[in-house]
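Letters are used for the chains, namely A, B, C, D and E, taken in the order the chains are written, and counting of residues starts over at 1 for each.
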Amino acid sequence: MNRLEAQFDIDLPHFRLQADINLPGQGVTAIFGPSGSGKTTLLRCLAGLERSATGRVQFEDVVWQDEQQEIFTPPHQRSVGYVFQDPRLFPHLSVESNLRYGFTRTPAAKRYIGWNQVIDLLDLQPLLHRRTHRLSGGEQRRVAIGRAVLASPRLLLMDEPLVGLDAQRKREIIPLIQQLRDELHIPIVYVTHAINEVLQLATTLVLMEGGKTVASGTLSEIFSRLDLDQYLDQDTIGAVLETQIEAHEPEFGLTRIGFNGRHLFVPQQRLPVGHALRVHVLSRDVSIVVGSPPRQTSVLNVFEAKVVEIGTMSHDRHSVDIKLDVGCPLLARITRKSVAVLNLTPGQTVYANVKAVALSHDLPGIP
Amino acid sequence: AAEVTIAVASNFRAAVEVIADEFEARTTHHVVISSASTGKLYAQITHGAPFEVLLAADTKHPQLLIDESFAVKNTAFTYAVGRLALWTPNPDHVIDGLHALRRDGIRHIAMANPKTAPYGQATYEVLSGAGLWLPIQAQIVRGENIGQAFQFVASGNADLGFVALSQVLNPRNRHPGSRWDVPRHLHAPLQQAAVLLRKGQSHEPAKAFLRFLREPFSQKVIQRFGYGLNN
Amino acid sequence: MIALSHDDLQALWLTLQLAAVTVGVLLIVGTPIAWWLARTRSRFRTVIEAVVALPLVLPPTVLGFYLLITMSPQGMIGAPWLQFTDATLSFSFTALVIASTLYSLPFVVQPLQASFETIGSVPLETASMLHASPIDAFLSVASPLALRGYITAAVLGFAHTLGEFGVVLMVGGSIPGKTKVLSIAIYDHVETLDYAQAHALSGGLLLFSFITLLMVYTINRRLPIRVA
Amino acid sequence: MIALSHDDLQALWLTLQLAAVTVGVLLIVGTPIAWWLARTRSRFRTVIEAVVALPLVLPPTVLGFYLLITMSPQGMIGAPWLQFTDATLSFSFTALVIASTLYSLPFVVQPLQASFETIGSVPLETASMLHASPIDAFLSVASPLALRGYITAAVLGFAHTLGEFGVVLMVGGSIPGKTKVLSIAIYDHVETLDYAQAHALSGGLLLFSFITLLMVYTINRRLPIRVA
Amino acid sequence: MNRLEAQFDIDLPHFRLQADINLPGQGVTAIFGPSGSGKTTLLRCLAGLERSATGRVQFEDVVWQDEQQEIFTPPHQRSVGYVFQDPRLFPHLSVESNLRYGFTRTPAAKRYIGWNQVIDLLDLQPLLHRRTHRLSGGEQRRVAIGRAVLASPRLLLMDEPLVGLDAQRKREIIPLIQQLRDELHIPIVYVTHAINEVLQLATTLVLMEGGKTVASGTLSEIFSRLDLDQYLDQDTIGAVLETQIEAHEPEFGLTRIGFNGRHLFVPQQRLPVGHALRVHVLSRDVSIVVGSPPRQTSVLNVFEAKVVEIGTMSHDRHSVDIKLDVGCPLLARITRKSVAVLNLTPGQTVYANVKAVALSHDLPGIP
């Protein structure tokens, strides 16, 4: 029931957006697609900032827009938060006044996040009394994120919010977004080009190309597609596995998860045993051993696997992705030389080494 | 004490201020003076201006107002007669008649606009009567009213000009310079008429002011300011 | 310095009142017009833009003359005014305000419109995403960002009203204490060759205006509100 | 419509010339002043800002009176002028241009200054990183970005010069064909109760101005140059 | 001789920049540091856009600024190209006119790069006739890069130029920057938060913190420092090795490189045999095998190594970096569990598995 549904068909000079999305009413939906594919335009349509002749948006039970019935809720009544692609701070207000702008306009009863909480998480205290126009690029971004969040929106649109931030800052801010997602259950539509943000945050993925929403679904649905290659950084291709928590090993900071009778060690999760967990295994983190399984290796996760398909050459011209079957698909990236040396052929039985530190992603159950 | 609102043509303002002061002193009435060109005052009166008395710079506008019943019949009279003077603030520059206009080195001759100002009309009559109108065309600069014509000359921009004698004789004028008073017969008389306006019809102090204008005190002032009286 | 006569003091006081009220009315009237012009896509936009600038084109006395006709007890505005207020509109302070407002309107509308256009829609969009209604966004974002335009508008409107003469003379009738403003007083002094008093009044007016403008500009510079 | 007299036609032609020349001079003179005001950090900035607005404050005829004194053969400007050109400055077309320029200067400087301030230094910095000298950057970046300000300035300056009357009357001496502009002609008709001719001329002036303004605004809207 | 030397001490409200840099007159210098550390301010000082009371800049033989001698070359005479942190396109010009702005202002004799070349590389053809203000974020960035490069600057300053671009675009644009660096020998100062851009582009690294240049040097100098952790993404920690080209294996798209008598396979390089090459081996790409060396693995690069030091726990609480000695330092990231299972101790001999696809970085010899 609680969903965000939208259809748009809007004809701009040089560009036409034809989007049809149907997203869960919670969790983070990552909008992913090449530059100029219409991600920002889609967000603007959702916010009501761009109006199309044939458009429909329904959020939860409320129809925000239905041009056929001449329904159009103006943007400010939608209670949408928007972190724009450029920071857009108000130049006439101090940093603090920028942050307070939406905060004071939210009735106290509707606030779900506290002032101090946001200021602390985004480390905004030192900036509060500054003028905005001389802030550094990253500082402006943090203020923009804080300002949007402090308005306690019921739907949060974020357009590449972490761009231009250093790794340390990103690590600090991502938990804030996770908290909005998991504890406050605020649905977030999140545009990014960074797959690791997708992996850490997204529950759903929408792929855009040339103004069209070409695919949408859960991470594992989308990630098993072969044609994703072009959108993704080569370093971020991999398989998504559906697993269950089997045991915790707090002494090592690990959690054992199982899938299809196999086990994987991942960084410790705060989920109870038996809980479902999806993980993403990058193909670059998987290597192949032929013959007997390796012993005494620092790699914790070794599976017997069947070679399913040897991919075509990747763009770097020296490695290929091998599709393995470990009860479900798993991808391994190896050099073409290794393919030759190991004499790999489809059907062959091999061992897959998965480095335990592969990026993982927890996906709380979604209806 | 009551208030009398009088509208006065700009050229007579200096004189009327003196007269009004005396009138106020004698009657304890208060005189409110508005001044503008006669044409403007006419337009204002015909569109509801609260003036009770008009001291115009001509006789035409008071008559028009009577004809259109904005003024009270039989109250118009000539309170002053303007005199035209050819003047320069430069005392070394002796003016001895119209041929002063033809002297070498004269760049600009000032006069009032013949269309809008009675003094301009009179000047035109003088010049064309003497056959000088066309020959000096190129040197003529026009003030919209006689006040401007005077300023052109007083400021030295015009070498000489036709101004009102009242301006030259104005106690505040610190440049007697040299002048030639244009003989009265060279132009139609510059009669300035006063009239009681409809708004002052039943206002005794307004009538009193008009009467005061004819009393010896006023007549003396009028003469002191260089105007003639209508005898 | 020459002491100001009672008449002149009255004129001064009236002028300040007129300038203050006119600037206030101008900003209040000019803001929605400028806002509409800046944001509309209506075909009538250019027409209204041109109409707003038109009063400027006529010589002040001529504009004053037409206004006089309109505001007279038989006029288009004057007649209903008389009916409702039981007072004639022409030759009143209100008439001066109306006339000055009309005459100075382009000086207010144009800078405001330019400011609003320069601000564009981005800050307003941003505000709308933070619960601000359009009016709220206008007050809290657009108008402070247009401060430079408001300063320009107010200064031009104020100065022009101080110096205005022809329209005011025509519509107001230069009645001391009621419609005789400083500019007319100065003019009268010049006409009666009372140059000393005219110089004194002009000098005073210039000095006062200079100080006022200096204050406005200094405050403007100090204010942290500056787009860029 | 009543046919225009030869006198009126002359006045019309002269007025157009005056307005065109004045707007040109205003933009040329106003640009560096506005630019300096927008970019300087000098302490004198606010003083100059205030001074620029001052001519507005005086009634036109009074300003004209002071200009007349300055431009007279004995005056501060008139005397050297006479020396160099062997012609008196007052009552000449040049005098009209000088007077109109001075009087309309704030209408040009203020919108330009506001535009330049709004543009800020960012586009100029950017241009300087692409080999553009400051003057090049001004011409290729700042001035097109300030187009809105230029339009406002030109429209206000143009309209105000058309309608200008008091100053021009005073400084020009209303010499037909030389310094008698349309506003004086209309004024004369009104003063002499020749209302029909006054209406005709006013109507013509309004219509002409309206069409001119409409064209300016329409072109402005069509131009792709718009900040925001 | 050909160097870029600069000293600044500039006091802004809330911020003081004290920079002292001495960079080679060619190659890419990456400026790296947390948000708000003064990277942009440093670039502005170099360009002459920010002037400090005590500043000195010398580029090649020319002193651009020496406040003691009252020398200050105005920005437009420095022939500096600047890709600003925000795109800063001229709003009154079309995309094409924006691109031509600097191009036409460069005398033909001083142009070192052609119009078509830049347009093609950045794929700007479809945008040429567009107005700028409705371009997408990524499109604006491409135009900004093209505009700066087309002015043929003698020194190029780039402030996070690839931010907001999708992986595909980045892959397309990086060769352009490499070409400027390697073929045209244009020195580039490059601000970024992305370590993989540093690895692919930079020859020199300057670290900034709190307005100070805290370290500068070649990549391998900086990367062997232990205190870098805080600035870097955990996924990008690793060792830099000095190697030599030994042989090419074009059939597999590989190049064999040698160091200290060991070999490594890396993607094929366009360098002659014998040429020096530095490579960066991410610790996350190195695993450890104890006992006999693994055979029959898809991992091409296996070395005998000595455990030197077992690092402290990393921020993710479950893995540690192990410092190995393979003739030079090498880092391996393994789980704490593996440390326990393998019973690793310093001095122990192990085998290091290096996945051949580890990011590599070619560094042409610098004087």
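Here, contacts are C-beta pairs under 8 Å (C-beta built on N, C-alpha and C of every residue); 3 or more make two chains touch, one makes a residue touch a chain.
Since we're looking at a predicted model, the values are computed, not measured.
Chemist: Between chain C and chain E, how many steps is the shortest route if every step has to go to a touching chain?
Modeler: 2
Chemist: Among the remaining chains, which ones contact both chain A and chain B?
Modeler: C
Chemist: Which chain's C-alpha centroid is most distant from that of chain C?
Modeler: Most remote chain from chain C, centroid-wise, comes out as E.
Chemist: Any idea how many Å lie between the Cα centroids of chain C and chain D?
Modeler: Here chain C and chain D have centroids separated by 19 Å.
Chemist: Could you give the separation in Å between the centres of chain A and chain C, each centre being the mean of its C-alpha atoms?
Modeler: 57
Chemist: Between chain B and chain E, what is the separation of their C-alpha centroids in Å?
Modeler: 90
Chemist: Counting in whole Å, what is the centre-to-centre distance of chain A and chain E, each centre being its mean C-alpha position?
Modeler: The answer is 26 Å.
Chemist: Note the residues in chain D that touch 2 or more other chains, in rising order.
Modeler: 65, 122, 184, 187, 190, 226-228
Chemist: If I count partner chains per residue in chain A, which residues reach a count of at least 2?
Modeler: none
Chemist: Among all residues of chain B, which ones touch two or more of the remaining chains?
Modeler: Residue numbers touching two or more other chains: 40, 43, 151.
Chemist: Taking all chains into account, which pairs touch?
Modeler: A-C, A-E, B-C, B-D, C-D, D-E
Chemist: Which residues, counting only chain D, touch chain C once they are in their complex?
Modeler: 45-47, 49-51, 53-54, 56-63, 65-66, 106-107, 110-111, 113-115, 117-118, 120-122, 148-149, 152, 155-156, 159-160, 162-166, 183-184, 186-187, 190, 198, 202, 205-206, 209-210, 213-214, 217-218, 221, 226-228
Chemist: Taking the complex as given, what residues does chain D use to touch chain E?
Modeler: Contact set of chain D toward chain E: 122-123, 125-134, 136-137, 140-141, 144-145, 147, 224-228.
Chemist: For a test of understanding, state which residues of chain B touch chain D in their complex under the given definition.
Modeler: Residue list for chain B touching chain D: 37, 39-40, 42-43, 64, 107-108, 110, 113, 115-116, 140-144, 148, 151-152, 155-158.
Chemist: Provide the residue numbers of chain C that touch chain B in the complex, in ascending order.
Modeler: 61, 65, 68-69, 71-75, 78, 88, 90-91, 169-170, 173-177, 180, 188, 190-195
Chemist: Quick check: in the complex, which residue numbers of chain A touch chain C?
Modeler: Chain A reaches chain C through residues 47, 49, 74-76, 79-82, 84, 88, 90-92, 94, 101-102, 105-106, 131, 133, 147-148, 151, 153.
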